Structure formats: C-alpha cells, structure tokens
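Chain naming follows the written order as A, B, C and D, and within any one chain the residues start at number 1.
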Amino acid sequence: MKKVFIEGAISSEFIADSIAKHQSKHSIGAHNIFLGQVRADQVEDQKVVAIEYTAYEEMANEKLHEIRESAFEKFDLTCLHIYHSLGTVKVGEICIFVFVSSKRRKQVYEATEYLVNQVKEHVPIFGKEILDNAEHQWKVNS
Amino acid sequence: MKKVFIEGAISSEFIADSIAKHQSKHSIGAHNIFLGQVRADQVEDQKVVAIEYTAYEEMANEKLHEIRESAFEKFDLTCLHIYHSLGTVKVGEICIFVFVSSKRRKQVYEATEYLVNQVKEHVPIFGKEILDNAEHQWKVNS
Amino acid sequence: MITVNYFGNIAEAAQSDSETLEYNTLSLAELLDLLDSKYAIGKFPFQVAVNRKIVSKQQILSLSDSDEIALLPPFAGG
Amino acid sequence: MITVNYFGNIAEAAQSDSETLEYNTLSLAELLDLLDSKYAIGKFPFQVAVNRKIVSKQQILSLSDSDEIALLPPFAGG
C-alpha cells in the first residue's frame, strides 16, 4: 500500500523531491502534476483561513488502491502518485498533489484530471473550513 | 516580456521556487504543471543521451507572447508561466515547464495541454539529439 | 456490541469519533433510527459504509459486532 | 546587403548561423534558388520567416536589407 496521507501541508520541497526521484527513469518523457491549494473563500462576511482535514483512513486507502489500478488500466502510464494532507492546511498551502508520468505526453492531462476527480468523489476525506472569526463550516466538494 | 529561456536543464529546485511563489496568491485553488523530460530514445543501435536546444529567440519570444495572450482569452486563469531550456539537457533532465494556475480546477488541465501543444507547434525551437556514439540527429516533433 | 464510526459534522453532532452500542445484532434500519433519535442525524446528508464499502441506507442488512460501520458526510478531499 | 539566419540542420548545411549576401534587393524566390544552389537546402523541410513571421515560400516578396530573414527547420520544442 502506497502512503498517501501526509500530516499538514504538502511543501514545495516535497514536490521537488518527488520530481527529482523520477530523473533516473529514462523512459519517461512527460509528467503532469496537479496541486490543490487552499483558497481564502468568502463565507458571508468571513474568510476561510485554513482547512482541517480528516479521513476514514482504512477505507480511503482501499479506495485509493482501486483508483490507482483503474488509472493504470485506462491510461498508458509509467507511474503515478497521490498525496493528500491530513490536519491543518492554511490558506495558500497545498493539500493535494497528484503526479502522473508517461512515456509520451498525450494522456497525462486526462489521467491527472481523472485521478483528481476520483479522489474528490470517492475517497472519504472530510474538510472543516476554519473562518477568521474562529467559527467553521464543513466543506462539500462541488 | 516574460523570461522563458533557461540555460541548461530546469532543476527541481527552480520548480519548487515557482510553486512556493504562488502561495501568497490566496485566490488560487488549482495548479497544473507539465514537465517534459528528455527520454533515452533508441535510434537504431544507439541511444539518445542528451538534446542540445537552440531557438530563434526574437521570434520565439513574440510567439510565446501571442500564445500567452490567447490562453488568457480561452481559459479562466489566474496566471501562467512557460519555461524552456536552451543548450544541453541530458537524459532524465527537464527541458520544458508549463505552469497554469486558476481559481478552480476545471480548466487547468486543458489550458496546460493547449500551451504545451502551442509551444511545440509554433515556437521556433530546435533540438539536436546527441547519441551515445557522439553522432546526432535533428529532433522533429510528432 | 456494535461499533459505529463518525466523521465530519456527524462526529461533531455525536460529540465522538466512535461509539459502541450494546447490541449483538441490529438491522441497518434500526441502527439509523436509533442514531437519529440520539443525534438527529437525519438532518445531515451522509452515506453509510459497512466494512469500508458504501451501502444503500435502504438495504436490508443485519449488522453484527464483526462489522466495521461508518457514517460518512459528503466527501471534501482535494 | 541582405542577412539570412540559419537554424538547426540548415545552419549545419550552411556551416554558419547567419550570412550576409551582397544584394540590395532580392525576391524571396531568387533568395531560395541562390541558397539551394549553395547548400542544397531544397532537400530539407523548412519554413521561411520574414521579420519573425512565417511566410509561404511561394509568396511574391521583395526582400531588402531592413528585413530579418530566417530559414527554420521543423520545430522541436518541448
């Protein structure tokens, strides 16, 4: 089982490391990366300042495994990685990192989009949006 | 005129810096990144070990400016960046970095694909593929 | 004994991430009625997972203490 | 004097990135004939840019020393 969940925000150094690790794979010609960043959304007269993520980890890991398998079946990929934050991620910080690599570029965009949508729809992750008056609301994916 | 050309390979640190610079933009919710990596393609009984890139820079910069403008017209983007190597880029190293950011994720994949295709089709960049016997052939985009 | 796991705003309503109920078997419908009477969970949108698979709330299902039961509000990953 | 810029395998064939020809004006067709006789560029696929815009090789065009002319092999960016 590949490790997906990371405590806190996903740092740019972590992303750089992941990219660097692929430089020894000489069959790869194209990478596509999706990053989700926490937005300072307006909620009435308040603003979102952070999201606190929790997950039903056992089920999430099973679902993520199925999603990975289905992506390898649908698209011609060399490798793929999915990382998601747990705990607090502040506005401007990164909470999801999807990384797809392939011999050629043709399918990488669609594969990334597929993975991000699958994670949003099918993986039991929950987000508590913290507002600047310290109140909160529960995030729902659109 | 934004700077596009970079001497040599695009490092993972450079990519990390670009990502980190966007963390102060709190309206961004989604980034998409395309990276092109030099592949060890087989050419008869030889292998590609590096590509030497040259460009008609004056025309390339004009074209890149047009491509940027057209992408902002077509897609709802917060910002976009295009970087391309000149000079020698070895196998496994990164030669193109396209970075698209938007409020929401919907259009970022298509915007990145559009930009990469536009650069490949319309920007006068030339690539000399160096083989491991020190011979070379001229790359042609498919 | 049947253990139920709560997440998101349902955990908030139940003031707990997990709870053990003093039943040996219970139908899914009985469980949901019981929890609605305790926490008014009927007002929230949620799905039920049994053994880490989503099941319909209408499904006729007998739960026992070996089952892993979870109430899942709308997903918000990404 | 008309300056022509070469790139990629055409620069290789011409053994130069740029060359100044001793003409004050010249049609595009005459230029291409001249360069083909010097470097056999006819065997390569290429496009012509005048002042950084692609023009058809068949276009009737009079070139002068203020024009920026370039012969461009197939693009290979990315």
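Operating definition for what follows: a residue touches a chain if its C-beta (ideal position, glycine included) is under 8 Å from a C-beta of that chain, and two chains touch if they have at least 3 such contacts.
All values derive from a computational prediction rather than experimental measurement.
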* Each chain counted as touching chain B and chain C at once -> A
* Structure fact -> Chain-centre distance (mean CA atoms) for chain A and chain B, in whole Å, is 23
* Distance from the CA centroid of chain A to that of chain C, rounded to the nearest Å? -> 27
* Could you state the distance in Å from the CA-based centre of chain A to that of chain D? -> 49
* Hey, what residues on chain B touch two or more of the other chains? -> 36, 105, 116
* Multi-chain contact sites of chain D, meaning residues that touch two or more partners -> 78
* **Those chain pairs that satisfy the touch definition** => A-B, A-C, B-D
* Hey, which residues of chain B end up touching chain A in the complex? -> 12-13, 15-17, 19-20, 22-40, 91-94, 103, 105, 108-110, 112-113, 116
* Write out the stretch or stretches of chain C touching chain A in their complex. => 5, 7-9, 49, 52, 68, 70, 72-78
* **Of chain A, residues touching chain C in the complex** => 36, 53-56, 58-59, 62, 84, 95-96, 116, 119-128, 138-141
